[in-house]
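All chains are identified by letter, namely A, B and C, in their written order; residue positions are counted from 1 within each chain.
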Amino acid sequence: MIDMANIPSTPPNPADQPRNDKRFRRRHFFERYPLFVMMAALMLFTLILVAVLAPLLAPYDYTAIDLRARLQAPVWMEGGSWNHLLGSDNLGRDVLSRLIYSIRLSLLVAFIGTIIGAVLGTALGFLAAHFRGWVDDIVMVAVDFQASLPFFIIALTLLAFFGNSMMLFIVLMGIYGWERYARITRGLTLSAITHGYAVSMRTLGATPGRVYLRHVLPNISSTLIVNMTLNFPATIIMETSLSFLGIGIQPPMTSLGNMLGFGRDYLTTAWWITVFPGITIFLATLSMSILGDWVRDRLDPTLK
Amino acid sequence: MPTRYIIQKLLRALLTIWIIVTFVFIVLRLSGDSALMIFGPDVDAEAIKTLREDWGLNKPIWQQYLFYIEKVFHGDLGKSYLDGRAAFDVVMERIPKTLSLMGVTAIVTFLIGIPAGIYSALHHNTKTDRMTMTMSVMGLSIPNFFLGVLLILLFSVAWQILPSAGSETGWHYVMPVITMATAEASVFARFTRSAMLEVLNKPYIRTALAKGVPWKNVVREHALPNAAIPTVTIAGFFVGSLIVGGVVTENVFAWPGVGRLLVNAVANRDLAVVQVAVLLIAFSMVATNLLVDFAYGWLDPRVRDLRGEST
Amino acid sequence: MNGQINNGQPLLKATGLVRHFQVRQSKGLFGKKAVLKAVDDVSFAVNRGETFGLVGESGCGKSTTARLILDIDKPTAGTVDFKDQQISGLPPADRRQLALQMQYVFQDPLGALDPRMRIIDQVAEPLHIHSQASGSVCRDKAADMLLSLDLKDHVFQRYPHELSGGQRQRVVLARALILEPELLICDEPISALDVSIQAQVLNLLTDLRERMRLTIIFISHDMSVVRHTCHQVAVMYLGKIVELAPNDLLFQSAAHPYTQALLSAVPIPQPGLGRKRVLLTGDPPSPIDIPAGCRFHTRCRFAEPLCSEHSPQFKPLREGQWVACHVAHGDT
C-alpha cells in the first residue's frame, strides 16, 4: 500500500536538479568538433594569417618584375629554382608573393563586403519592421528587385555603365546579399514585436532602440550569423569571378581572380600561374562552407 | 488555381519588370551623355544632334522615360558600336547557342543531382550518404571558372582529346557542360536530399508505414510528390544560376553565346549591347519566376487555398 | 468576497473605448472590406486596492481592451484615465514613465520572456531601464523579488526554457512587480498552467496584492477563478460590457442572460446535485457581422421582438449592478 503521506505535494521539477556540466562536456568534446570541421577551421585560420602577415611572408613585392626569370617553373619541377618557389609569371613576377597578396586582397574585400551587407541589410530590416507603412514598402520593393535579377548581372550592368573603379567594386561587394539579411531581420523582428518579449519590454518602458539592440538582435543573431557564413564564400566567388573576367579588381592590384584570368593565356606554357590561385579559392570556399554547415547545425537545433 | 492568385502573381511580375526597366533607365541617365554612350564617340556631331532628337534626349526627363519604355518594347535600343548592327539583333542571334548549353546542362543536372539527392536521403547516414554530401560540398566550392580551366588543362593541353574553344561539334559540349553541371548538380543533390529527409520525417509517412503500405510505395506515392514541391521553388534560382554560370563558362570556353558577348560588351563599354542583354536576362528571370509561381500554385493544394492578407 | 472597496476616486477609468479593425472579408487581393469591431464602446472604472475581473468567451474583446489600456494598441475612439489624468495619446517618453505605475502580465509566460537572457537579468532589466543604479544593485533587488515569490536561487542563472510553467509565470510576475506598480493587469495569467499550479499562483497573486497594495485587473474566461479573486466583475460579449456588478451580486443574482449561461456552465464539486444548465443555442456571431439590436439576442432564450430592434442601454439595475438588457430592466 502506498503511504500517501510520503508522496510530495508537487511533482519534482527537473529544473531544480543541479547538473554536473563540466565532466559531461569534456567527454563529448570530439563529438561536438568533428575532424573535418577542425581542419576547415585550421585552413581558414591559415589563410587569414597569411592575409594579415602578407608583407612579412612574401619574398618579393607583388609588382616586382624580373624579365630574366620569366615563366619559371615551380621549384620541384625541371627548370625551377629556389628563387621562385611557386614559379614566376610572364613578367617574371614571383607567383608565391602574388599569391600571398592576392589572398590578402580577396579575403579583405570579401570580409568588408560581408560586413557591409550584414549591417546594411539588418538595419534596413529593422527599419522596415519598426516603421511599417511606406518605409516597409520601399524596402520590400528594393528586396524584390534585388532578388529578381542575379546580382552578377546587376554588378555587370553597373560596372559597364559607371566604369570600373575600386570604390564601386567595394560598394558592389558590400551590397551583395543585403536583401537576405533584410528579409530575415524584418521577418523575425515583425514576429517578435507583435507578440512576446518585445511587447513586454515596451510595456516595461524600454525605448524601441533598446528593445532592438538588447533583445531582438541577440535573438536573431544566430540566423544572421548563419547567413554570413553563406554570404562570405559567395562574395569570394563573386569577386574572383568578376576579376577573372577582367572587370573586377584591376592591375596593378592582384586578386586570386585576376591572377587566374591573366594566367589563362599561358596555360600551355605555365599552368602554375592559374592553378595555385585556383586551388586557393577552392580551399577558402570549401573550408568556409564546411564551417558554415557546422555552425548552422549547431545553432539551429539548440535554438531555444 | 484561383484566378485571384494568377492575377496577383502576374501583377507582381509586371511590377518587377517595370522596376528593372526603370533601374536600367536611371543607370543610363546617371552615367553620362546617353547619346555618346549609345552611339559611340565615332559618330559625328550632326548625327549626334539628330540622334539626340530621335531619342528625345533634349526633352524633360519624364518624357525621356516614356520614350525609353517605348523603345524597350520595340526592342530598339541602339547600335552596338563594336559590331555596327542593331544591338537587339546582335544579342538575339547569340541566344540559340546559350540556350543549347543551358539546356544540356539542365538535363545533366537533373539526371545526376536529383537521383543522388534522393538516394542519399533514403540511405541517410550511411557511407554513401556521407560521401555524396562531401562530394557535393566540394562540387559547389570549386569556382566554375577554375574547374573549366582545369578541365582544359587536362583534356586539351595535357591529353589533347577535347577541343577547348568554340561550339561546332558535340565534343565541344563536354567540358562546358561538366563545368556548369558540377555546381548545379551538387546544389540539387543537397537540396533534394534535405527536402526528402524533411518529408520522410513527417507523421503521414509514419502513418502510411503503420498501415502496412510497402516502403517502395510510400516513397513513390507520398514522399516523392511532396518533396517535389519545394524543389520547384529553387527552379527560379536554378535558372539564374545557369545564366550566371553560363556567362563565366562561355568566357572560359570561347562559346559564342550571349554570355560571352555580354562580358565583352562590359569590358569595352558597348552599352547598347549591355542594355539589351541585361533586359533580356531580366525578362527571362521574371518569366521563369512567374512560371514557378504558377507551378507551385498548381502543385501545392495548400497554396491554392491559401488566401491573401487580413490586417 | 463582499462588495466594492471604495476609496474615493477610481484608479483607472476607461471611457467609451472603441477598437475597430479594417479587414478584408473574402481572401485575396480583391476581398470585400469589412470592419471587425473588437471593442465597441467599453467603459468601466477600477477602484484602488480592488481586483477587477473582466470575463467573457474567447474573442469577446477582453485582451484587446487590455492592450488599449496599456497603449500596446491605439483605440479608434475613447479615452483612458489613470489617476485622473488622461493617458491615451501620451507622447512615448511619458508613456514609458507610466511603466513605473502600470504593468502587465501575459497569458503565455514563455513568450513574454527573452529566450536568451538569464532569469536574474530579465527581472533586473526593468530596473536598468528606469534607473541609473549599478548592475549589482539591480541584481540584488531582482534576487530579493524572486526569493519573495518563492523561487530558489539556483533558478537565477537559468534560461526561460529550462523552467516549469509555474516558475516562468512567477518570473514574469517578479519582472512586472519589481518596479512596484500600482496597477497590474493580468491577462489569463493562469490559463497556461497545470491545474495544480493554478491555485498556487492565484494565492500568490492575492498575497502580493495585500503586501504591495496592488490594484489588479484580472482578465479570464474562467468564472470559478474570477469568483474566488475578484471584487468587481464585468462581463463582456462581442466587444461590449453586458453586465457589471460586485462579486456577490453577480454570482448570486446575475441579471444578464449571458452571465447566467456562463455561470451555469461552471462545474460545482457536488456530485448528484441536479442543476438546470442554461444552454446557448446557435453559434457565436462573428465580430465582423454583429447582429442588429442587442448583440446577444440570436442566442438568448428570453429574446423579445424589441431585442432585435434596439440595442439595450447599459444602465443600473440596482445598487452597484449595471446591465445592458431589455428583459432584465423590464423594458419589454
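By definition in this document, a contact is a pair of C-beta atoms (placed from the backbone, for glycine too) under 8 Å apart; a residue touches a chain by one contact, two chains touch by 3 or more.
The structure displayed is predicted, hence computed values, not measured ones.
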Fill in: Most centrally placed chain - per-chain CA mean versus overall CA mean
A
Item to complete: Averaging each chain's C-alpha atoms to get its centre, pick out the one most distant from subunit C.
Response: B
Worksheet item: How big is the gap, in whole Å, between where the Cα atoms of subunit A centre and where those of subunit C centre?
Response: 49
Discussion item. Centroid from C-alpha atoms only, then distance subunit A to subunit B, rounded to Å. What do you get?
Written reply: 23
Item to complete: Return the distance between the CA-based centres of subunit B and subunit C, expressed in whole Å.
Response: 55
Worksheet entry | Multi-partner residues of subunit C (each touching 2 or more other chains) | none
Fill in: Contacting residues of subunit B [partner subunit A, same complex]
12, 16, 19-20, 23-24, 27-28, 30-31, 37, 137-138, 140-146, 149-150, 152-153, 157, 240-241, 243-244, 247-248, 251-252, 262-263, 265-267, 269, 271, 274, 278, 281-282, 285-286, 289
Worksheet entry | Contact footprint of subunit C on subunit A as seen in their complex | 10, 13, 15-16, 18, 195-197, 199-207, 210, 215, 218-219, 304
Item to complete: Going by the contact rule at the top, pick out the subunit A residues touching subunit B in the complex.
Response: 141, 144-145, 148-150, 152-153, 156-163, 233, 237, 240-241, 244-247, 260, 264, 267-268, 271, 274-275, 278, 281-282, 285-286, 289-290, 293
Worksheet item: What residues of subunit C sit close enough to touch subunit A in their complex?
Response: 70, 72, 92, 96-100, 103-104, 106, 111-117, 125-126, 129-130, 152, 154-155, 158-164, 167, 172, 175-176, 179, 196-197
